[in-house]
Amino acid sequence: MSQKKEKKGLKIVTIGGGSSYTPELIEGFIKRIKELPVTEIWLVDIEEGREKLEIVGNLAKRMVKKAGIDCEVHLTLDRRKAIKDADFVTTQFRVGQLAARIKDERIPFENGLLGQETNGAGGMFKAFRTIPVILDIVSDIKELAPNAWLINFTNPAGIVTQAVLNYTDFDKIVGLCNIPVHTQMDCASLYEKDVTEFRFQFAGLNHFVWYRVWDKNGNELTADLWEKRQDKKNLGVKNIVSINYDYDQIKDLGMLPCDYHRYYYLQDEMLKEGLKSFKEKGTRGEIVKKVEEELFELYKDENLAEKPKQLEQRGGAYYSDAACELISAIYNDKGIIMAVNTRNKGAVSDLPYDAAVEISSYITADGPIPITFGKFPNAGQRGYIQLMKAMEELVVKAAVTGNYYTALQAFATNPLVPGTTVGRKVLNELLDAHEKYLPQFRDYYENREKYRK
Amino acid sequence: MSQKKEKKGLKIVTIGGGSSYTPELIEGFIKRIKELPVTEIWLVDIEEGREKLEIVGNLAKRMVKKAGIDCEVHLTLDRRKAIKDADFVTTQFRVGQLAARIKDERIPFENGLLGQETNGAGGMFKAFRTIPVILDIVSDIKELAPNAWLINFTNPAGIVTQAVLNYTDFDKIVGLCNIPVHTQMDCASLYEKDVTEFRFQFAGLNHFVWYRVWDKNGNELTADLWEKRQDKKNLGVKNIVSINYDYDQIKDLGMLPCDYHRYYYLQDEMLKEGLKSFKEKGTRGEIVKKVEEELFELYKDENLAEKPKQLEQRGGAYYSDAACELISAIYNDKGIIMAVNTRNKGAVSDLPYDAAVEISSYITADGPIPITFGKFPNAGQRGYIQLMKAMEELVVKAAVTGNYYTALQAFATNPLVPGTTVGRKVLNELLDAHEKYLPQFRDYYENREKYRK
Amino acid sequence: MSQKKEKKGLKIVTIGGGSSYTPELIEGFIKRIKELPVTEIWLVDIEEGREKLEIVGNLAKRMVKKAGIDCEVHLTLDRRKAIKDADFVTTQFRVGQLAARIKDERIPFENGLLGQETNGAGGMFKAFRTIPVILDIVSDIKELAPNAWLINFTNPAGIVTQAVLNYTDFDKIVGLCNIPVHTQMDCASLYEKDVTEFRFQFAGLNHFVWYRVWDKNGNELTADLWEKRQDKKNLGVKNIVSINYDYDQIKDLGMLPCDYHRYYYLQDEMLKEGLKSFKEKGTRGEIVKKVEEELFELYKDENLAEKPKQLEQRGGAYYSDAACELISAIYNDKGIIMAVNTRNKGAVSDLPYDAAVEISSYITADGPIPITFGKFPNAGQRGYIQLMKAMEELVVKAAVTGNYYTALQAFATNPLVPGTTVGRKVLNELLDAHEKYLPQFRDYYENREKYRK
Amino acid sequence: MSQKKEKKGLKIVTIGGGSSYTPELIEGFIKRIKELPVTEIWLVDIEEGREKLEIVGNLAKRMVKKAGIDCEVHLTLDRRKAIKDADFVTTQFRVGQLAARIKDERIPFENGLLGQETNGAGGMFKAFRTIPVILDIVSDIKELAPNAWLINFTNPAGIVTQAVLNYTDFDKIVGLCNIPVHTQMDCASLYEKDVTEFRFQFAGLNHFVWYRVWDKNGNELTADLWEKRQDKKNLGVKNIVSINYDYDQIKDLGMLPCDYHRYYYLQDEMLKEGLKSFKEKGTRGEIVKKVEEELFELYKDENLAEKPKQLEQRGGAYYSDAACELISAIYNDKGIIMAVNTRNKGAVSDLPYDAAVEISSYITADGPIPITFGKFPNAGQRGYIQLMKAMEELVVKAAVTGNYYTALQAFATNPLVPGTTVGRKVLNELLDAHEKYLPQFRDYYENREKYRK
């Protein structure tokens, strides 16, 4: 039994602290300092990220200093020291850095498949690399800071959350994504009203979530919003090509999709567009790499002591602010609704009880409680999401066990992999490319000929 | 498709407006007038209740006048006229008045069974009498005020809600009970803190609900509260004898029971105590009748223009205030948590999807959304509540169809009826006693010899 | 309540009696005449099939005569007269004849999609045409022969069964496919043993069914059989290209797939192969047309009085014999196990209670009872089959309601349709091509411009 | 992975071999010797049963010798030696012998509760004593005879099966009861037909099972059989008082109950009758003790070489023959239907997936497969059986863990225990009475004062 929790100055630990997003996180804490008494921020990174950690860490220190708040920023490569007695641990690391992402995107594209960071073959490999590290972190937290909450926004955030929920006895994880925040902001801007004038209900999986929306008088606006969204190219996250959904098909679903559903409902067009872009401009990872280098140049400026505007152009805007809001909601037992990744427990009837789902949840000091969603209104949603969850389970199992055949099965089940022949080829090429970061697949590396037949 | 809902002055209709509880309701509206602009209150009753309606209705008028608010109180026997264009309809009627309750209690006791208003044989008959009337009211609302919400606190509130959810296509019903409010107040008083310092999670059925409690730092207090509640005889609703539960058995359950669980977990003691009290003092209905007569004497006083203190001594205290709070929460899309009776939709995994459950719900302008509870922590709760829900379904089906055999099956399934021999005898005697109010059981009345073998 | 069933001479009705398969059916009855006293066989067809009905019907008469059994063969275009007092009705008709099938295959192929009779776009349209006719037949049976069993082997047999189970109150339908029979025969031939030396357990959907196998000592042979099946090109039904599955992926599944899973697990290869064959040889329907014409030439031979060997070369071999066996099993309360399409009722935990499933069932005089399968051993199977069932539900709903948007949703959900852009184009072209046979889609035909945006 | 199973001479082990039922078992093997080549029968007992083992064992030897079959009968107190390489292990032992049963019956009766061998307080204690021993036996089987099947007919057979299914990874257990056999025989005798002329479907829990029945033409006879059973006092097992059920209530259920449902549906009458009989004649256990002593006197007769007629007067008639039939059905992969206790796996929708259920099952060489039952037709059945299963889970958990509070919860949940006050008293008295056989409740015995408050 862990000791009784009490209110006090908070120690926050950010793993992957050298990320370019860190300034948004720092800004988020600064602006909430009255309701959320953060006294220590520990930015943790690994040796390969030391330089970036120092650049962004020093910016963080300048930001805190300028804000005049009573908070110390620590930079460290010693994860265990950082975690010790933490109140909240956030994770925003990328195993293998952008170089690994570029491979995740390039190899599928070279084989005629979609190459994308969190979907299809690349998304599954991001999970394979990330999950063992998250499980290590959870192990540290259980030992060194058993009362801490783990706020994960390392992608694929839903699959990572599922891994922790299904392969550890640690329940205090919340997975967070910026898609629901984006969606709400888009809605508010289309109606030219404040976001608080709406009530949203999200239900689904991370990057595969649907939603409905109501006004404050209880009138449902979902169909009206769908009408309003047509031909508004500037909506949605920046990293997804904004091809229009089939208006009627979505309307028939009775709920609106997130940006990522395009990869499935517009599969051939998104693939064609992706292949074209890949040939012309290379991978998204390569583009992001340049943006990041520019950001770090900015961050080096010793006169800079606030989050630069340019950061908002990154695909992940709002992520860090949402994390700060979630931390505050837990700390203050706020009872607000946020869409997070958490254990289903029956909230979405069409998915397993212990599945991680992305769902509008009531945030308490004891964590998020999903508000009950029930059954999907349309068999189309139900079938597709059940397939996606099955695929996620296989990905998690392969990531944890390193079983090659389970990984192959995950590929066979992923709707963006059109068959096992090309699927197995891509699987093998990605395994070969990421050997350094996939120690659990040792048997594959030691017996390649056995697996490559 | 109903018209778009907008904010405006509200018309409230109270069916069973001649109830002695009405002053609490009026007080509830008066004190919320700034957030809840009630401009019309229609108190409706039937011919048999005309006198009480006038007495309490005139008190209501005096209360409103004294408060100086812009609201008209109407008294009427014309239910349809009252319902026309209503915003909220509340129901607090008692079919057959207290005379019927007294029979519900007396006849079981005379046969050696528990005689109680909402549990056992009596509770089932209260449902048989009430459900046809509620279904009529729903039919009127659908025709005359399709945007209105029906707030039912006529007992058995859960079973009545189930009838509407399962036998009509009307979804805008919320069943309300004062037990959760009482429970929260008791907790606050034991800790000598404000009730807002706690977070409660209720899950179960009306009069068969369990709960857990946390402080604002996320520490669970359930076991501690159980310790604190020991030997505090003044807790709980006034109408239930306060015999102590087995401390260890409840602790093992992992959630705390409501007052009514005593009839089940302490079955023989409660029966013995009930029979003793019946012999010495007659039925609870007879006692209440006297209390009510005294209240109405008070209400007649033309100088009285507020809710008299004595009303709080009735078992149903807090009911009406909870109703006003619920109405305000819906009207204002408050997003607060209240324990209400609503459709399960998977919130309580151990109960059917379409069952009415009593559960902590997030209250929106579109009605309550249960917060997800999941599975009960203990097989003991699960098994018992599944039996209770099955019994409730049989009661609803018998009430709607008037099928004698279904009623007999409900008796055979009710844990407070120890077998079909005595059960059938009591069933027949109650049917005979309530003939006037049970038109749906026509076949029984026309063919008694067939059913009485 | 229907009258009591008793043993007597049986009246069998075959709708689509002009089919080239009829001789196998007749042979099946002849060889079982001692256990199954068929005294009347009514072959029913429509005006367009009159010539074929007469040719094959006369062959049937010669076969029966040669066998010397006491059974009359009737040929008729009057379906209701035939159904009157029938004991078993079998259905093997094809709405729109082979010309419609050819369109189902050609149009998808012309748009770069798989063109196949029972899968993908073509399979969905076969359902759209067939379901309204089946519902009419069920309506006739309920009126004219309420004790009769409907044995459906019109494809897509599973979806057609689902339509009857979900949109009528008629329960006495069994859907039948030759795939499980084929599978069992293939196994027996690989082991060079009699088929009775094995016990099979099938579970899934029609044309999407998996199986395991045991010997009579209870040793599971599934993995061993998988090993044995490798590189045996002559296995499986004749109408599916026999590309090898990924050996390891299937082994990991823990159950063996049917031939049709290739369209999903080997999606790109099967599509490539299909397109190649289409370009070189035209559609499968066109090939079958020639085979049929040759068969009917044979059937015309007045000296022919038995099923010609050539019939076994058709893809549907064993179908009719399986139907006779099923009829005998019901009539004789045999208690044998057959894989049929019937209501799930929980037998396959991962599919809805009321879904039609293809499952090993215990055959009684009261129909098939699925033997309990439980959960699929692998998430890969679970997810895929849940998607397929959702798609089937949408197909049935679109077929019954004629709702264009539901049809579009079915296309969006079908894994063989790679997105809504091409999907909607193919949907429209197929609707246009089949106008004569799709009266339920009236609104589309009257308002094409509305739907074609 | 266990070795491959093959047909060969069989070694049968019977634990509790000194039971008076053993001659029926031996007879069962003798009459099936052609289909079931039993070559070794090992009768195992403990020191306390040595004398009975020798008496009945010698009778068994004489029976085998007289039959002239090639089979050796071994008598031993060495359980592990017996189990080594066994093919089938049957269990019919009684922990604490009849003396323990007498306490299970006497103590509840003395406290005004039903005292019965397998129901209520006594039944729960029989489970507490038996389960640890069964788990030991399973452990031995896994080590010494991993291919063996365990056929358990030690009561409470369903709860014991549940313990093995939920607390070990051993799946090869089948629980067997004579109630379904009895029921089928009663039906056949009422219709004066052979039992093979009927098809039965049983579903429920051991000693809480319902059934339906059909003739060979598929006509359901359930209601007709219920009519026929009225006032036939000589039906049912011998050990249950044959008070008539309420005819109408059972008819409304849509399925017929077993004899044991009387304890629940006729609770007060059965209790009254039980208390009367207890006062007049003592416990059932005491009566059985005398019957057994008489049987053993018979068995001693060296001229006796067959099962004596008098054995059929014992309540457990048909048990052993059913066991032989089950063993033969498994050995021969018979594919017959028998009602056994096995894992639910969704067969009964209203019960948990992993629950032990008593259900008509298809018997294969790989064990029983439940035939799918679906949902109970009546909420009355559903609710009651869900309560019973919850109670069984608590009993199993208490038996395995020795947790006093779990045992108390089981008592609180058992419908035959009317409340925790008397329940706890009886629990304590039974714990005290059975100390010798309940080592798992060590903490209670060492800290009685703590538990007795």
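First chain written, first letter: the chains are A, B, C and D, and each begins at residue 1.
Keep in mind that, in the parts below, a residue touches a chain if its C-beta (ideal position, glycine included) is under 8 Å from a C-beta of that chain, and two chains touch if they have at least 3 such contacts.
The shown structure was predicted, so the numbers you read here are calculated from the model rather than taken from an experiment.
*Asks:* From chain A, what is the lowest number of touch steps before chain D is reached?
*Replies:* 2
*Asks:* Would you identify the chain whose Cα-based centre sits farthest away from the centre of chain A?
*Replies:* Result for max centroid distance from chain A is chain D.
*Asks:* In whole angstrom, what separates the CA-based centres of chain B and chain C?
*Replies:* Here chain B and chain C have centroids separated by 54 Å.
*Asks:* Quick one: report the Å distance separating chain C from chain D, using the average Cα coordinate of each chain.
*Replies:* Once rounded, the distance between the two centres reads 45 Å.
*Asks:* Provide the list of chain D residues touching at least two other chains, using ranges where the numbers run on.
*Replies:* Not one residue of chain D touches more than one other chain, so the list is empty.
*Asks:* Which pairs of chains touch each other?
*Replies:* Final set of chain pairs in contact is A-B, A-C, B-D, C-D.
*Asks:* In the complex of these two chains, what residues of chain B are touching chain D?
*Replies:* 245-246, 248-249, 251-253, 265-270, 378-380, 382-384, 386-391, 393-394, 397, 405-406, 408-410, 412-413, 415, 418-422, 424, 451
*Asks:* How about chain B: which of its residues touch chain A in the complex?
*Replies:* It comes out as residues 4-7, 199, 201, 214-220, 330, 332-333, 335-337, 345-349, 353, 362, 364-367, 369-375.
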